[in-house]
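Next come two complexes built around chain A: one with chain B, the other with chain C.
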Partner chain A sequence: MIRRILSLALVLAVPVAAHAQVERLSGRLPEPTRAAVVAIVDSARAEGLPTDPLVNRALEGASKGAEGARIVAVVRSLADRLRDARTALGASATEAELVAGAAALRVGATPAFLARLRRESPREPLVVPLAVMADLVARGVPADTAATSVLALVRSGVRDADLVAFRENVERDIALGAGGGAAASVRAGDVAAVGVPVLNNPKTGTTPTPPTPRKP
Partner chain B sequence: MHGPADDSLIARVAEELRRPVAARPGFDERVMAAVRAEAPSLPARAWTWLTEPRSFVVTPLGGLATAAGLAALVIAGVVATSGRERPGAARGAALQPAAVAAPTVVTFVLVAPRATSVALAGDFDGWDRVKLPMRRASAGLWTLDVPLAAGRYRYAFVVDGRRFVADPTAPPAVDDDFGQPTSVVTVSGRAAAGGSL
Partner chain C sequence: MRRRTIRRLLIGLAVSAGAAAPCPAQVDARLDVTGAVVRYDGFLSSGAAAVSSSVAWTTATASVAARGTFLLFESGNTSVQGMVSAGTFTAPAGPWRLEVGGEAGGSAYSGYEAVARFAHLLGHARLHLMGSRWGVFAGALGGLVTSPGASAGGASGASAGAWVLGPATAAGITWTRVSVGGATYDDFQGRARWTAGPVTLEATAGAQGASGAPGSGAYGDVSTTLRLSDRLAAVVAAGSYASDPVSGSIPGRYVTAGLRLATHAFARRVEMPGIALTPPTRAAPSPWLEGARVALELLDAQPMLVVYLTGTHSVEVMGDFTDWKPVALVAETGGRYRYSLPLASGLQRFNIRLDGGAWGVPQGAALGADDFGNGVGVLVVP
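Moving on, here comes the complex of A and B:
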């Protein structure tokens, strides 16, 4: 009985949520663009993909004054990457993981990297490792080096905070003139081999603690 | 009818009955020990209490209220259980805050002394240019605290209502498809992993 009630509530809630998402697009996009985006969103929903990121990307384009065709192309491309991320990370991947995975794929990570990351850390959320990989590429680290570094760190069992500290140290090295690839490789080697980042956390000025297994 | 002989007999019998009986030493203890041994154990008494039929008188309103309370308890239990079974919910306490952990408050900061207004636009507010105005502190410092669930968010500062400005302390978004400065903040559930903290 309870199961029936919950199922009924879910059945009623999904169209309401979908309608709310589509409503967010109303008035922000010209009608042809809105219709095309809604079609992509509906298709993604039918596949079980998260749709909020698609709506947000369309709204971003609208806010930035992008042309309708560009907005539709970007939203469609994001839907494709979300689909690829789910294939690589598995059906149990969370929305946040899929968003981070799509960003990693966008900057050059391969689906094989995502799948490998999942195998190395099957029960841990991968939002931060995937985001750090994308952020490193944004700072000038080659995609393959960023992927290799993050994979090595995850395999060594570091925490999310250690991954963020690693990224910050690489950013600082690059700002001081180091090459992105070299900085990432050296820092990742330091963390994985020694267990602690070589330099202090530039933001806190504190000596980082030895990494511990990524646990809740 | 009875005579004096009968009264004498009755008196003798009564006297005999009134005379204390001498028991053996320890007799009382032995009797009490036997009584205790025959008393039912606590589980047996509890079982008897539980299984003994009882009759209750309930008004229709009372019965309805009881049923509603039980239904609420069952639904709460089902919801709590389904929440624990969600994939990724284990460390989700750390990384899946939307369902498990409280949102992390991220402080966004921009130094813009000449700006007359600064707002925050991003994935968390539908990229609305005016929805999240930032507060001017001192010396052109603009700040805003935003609670965010775990995830990766793209955002930018909107200066004077029209100009998008990236966060100089945060990683840039490589996946910036619209040709405007965009930054990224990643929230792990325990602390912001972007550049705004």
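Moving on, here comes the complex of A and C:
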């Protein structure tokens, strides 16, 4: 009985949420653009993909004066990346992980990288590692270097706070004139090598092996 | 090595103007097979094998060239580059000639489960003042460049230079200024070439300065070409180059040795040094708001967005949590400005503006790829 009530509530709640999302777009987009975005949102909802990020992106484009065709293309592309992120990260991925995964794909990460990150950390949230990866690339770190650095740190069992500190150090190095790739590689080594007390792998209780410089 | 590859592509655009004698159209193709040891900053030294091919069609007043390079590193990672360039000169008006041209190129590095792609499309116009053995020029360039994580952005700039030819030597200097977004790059380069019998020595030295972005540094290389037959030559080169995000290269040093095969006999005349057209570096327009820093602070156990500034400002935020409508932050004491509502957990994209200025990203936020403008801030709300 309770399950039926919950199911009914869910059935009722989905249209209400969908209506609310469509309402958010009203008056913000030209009608052809709005209709195209709503179609993408409806399609994503039917697939079980998060739809708030799609609506948000459309509103962002509207506020920044983007043309309708551009907004539609960006929203459609985001839906595609959310779908790819879910395939790579698994059906249990949270909405935040999917959004972060889509952002990482946007800057050059591959679905294989996302899948490997999930394999390395099957139970830990991946929002911060993925967001850090995307941030590094946006700051000029080559995508492969950013991916390799983040993967090495996650593999060594660092906490989110360590990843954030890593990102800030890379940001500082770049501001001082260092090349993005070199800064990320060196700082990734620093975190693993210097931060041993906080880097003992919580899963194995062992000290991680510092990532070594690699060949191009 | 990549930087050198690109610069070599540009040789020839101005050569046809410098060579006084008109000649019939000619197609020249070359194939280079090279072994190299490279050491990029932040990486271990690595062996690499490279295959480059080029085709050039040249007349007295125009030139079209295409070139592709495939690099295979020890690790199995690969790099592919390609470029097409074209240029033409007007008929001489006294010692003056006008040159217009352009180039389109791209590169992709594949490795470690990621791919980095770069592309550019640039055009240029230059006015040349020429003698039979010398020349000076000045001009402008503009176009589009893209790099990973950034939408296509405009590039513009200017260049000037001079060159001189001797019986067995050629030398030239160029200055190129390129502005990409909020960053400006100045590149000073000198090139010299000396030919004696079957041996040609070439040297390049340059200095690059950047404002608004990292990328300053000096570079240089030397190469020796030994003509083994009319269509076969051995080439040995070594040197360094600065960061060049247009082609995806990062600072590094290299030593190469290889063979060059040509469809036509190698020219025995001394050509004018090439002119660098490619912007030396590429950076996204700076999205950062100077002096502003964002933080997440707990208020009654709720995460609140707070911006710290010096001085008094009107501060607005728009983001996922405001439906991307501008909302004024509440000014508090100590240069603290607070968004009045707690943020929901997850990734939140946003921009800030001060005193009605341009929307940007405060320090402390992660930088997200922006599909619509000049950068967007990202906060991970726990």
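The definition used in the following text is that the second predicted complex is superposed on the first by the 194 of 216 C-alpha atoms of A that agree within 3 Å, B and C clash if a C-alpha of one lies under 4 Å from a C-alpha of the other, contacts with A are read in each partner's own complex, and residues count from 1 in each chain.
In the analysis below, a contact is a pair of C-beta atoms (placed from the backbone, for glycine too) under 8 Å apart; a residue touches a chain by one contact, two chains touch by 3 or more.
Predicted, not measured: the structure shown is a model, and the values here were computed from it.
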Superposed partners chain B and chain C on chain A - clash or fit: clash
Touched partner set for A:Val22, first chain B, second chain C, both or neither: neither
Touching partner for A:Val137 - first (chain B), second (chain C), both, neither: both
Contacts of A:Ser92 with chain B and chain C, given as first, second, both or neither: first
Touched partner set for A:Ala100, first chain B, second chain C, both or neither: both
Partner chain in contact with A:Thr110 - chain B first, chain C second, else both or neither: second
First, second, both or neither for A:Ala152, with chain B first and chain C second: neither
Contacts of A:Arg123 with chain B and chain C, given as first, second, both or neither: first
Which of chain B and chain C A:Ala161 touches, first, second, both or neither: first
Stretch in clash, chain C with chain B, out of 153-161, 261-269 or 351-359: 351-359
Chain A residues contacted in one complex by chain B, in the other by chain C: 24, 28, 53, 56-57, 59-64, 66, 70, 74, 77, 95-96, 99-100, 103, 106-107, 127-128, 131-132, 134-135, 137-139, 167, 214-216
Partner chain A, residues of chain C touching it in the complex: 38, 40-46, 48, 73-75, 77, 109, 111-117, 148-150, 214, 216, 243, 245, 248, 250-251, 283-284, 318, 320, 323-326, 345-347, 349, 359, 366-369, 371-373, 375-376, 378, 380
Contact footprint of chain B on chain A as seen in their complex: 2-3, 5-6, 24, 28, 53, 55-57, 59-64, 66, 70, 74, 77, 92-97, 99-100, 103, 106-107, 123-125, 127-128, 130-132, 134-135, 137-139, 160-161, 163-164, 167, 171, 203, 214-216
Residues of chain A touching chain C in the complex: 24, 28, 52-53, 56-57, 59-66, 70, 74, 77, 95-96, 99-100, 103, 106-110, 112-113, 116, 127-128, 131-132, 134-135, 137-140, 142-148, 151, 167, 174-179, 181-186, 213-216
Chain A contact footprint on chain B (complex, rising order): 71, 74-75, 78, 87-88, 90-96, 98, 121, 123, 126-129, 149-152, 154, 164, 171-175, 177-180, 182, 184, 186, 188, 190-191, 193, 197
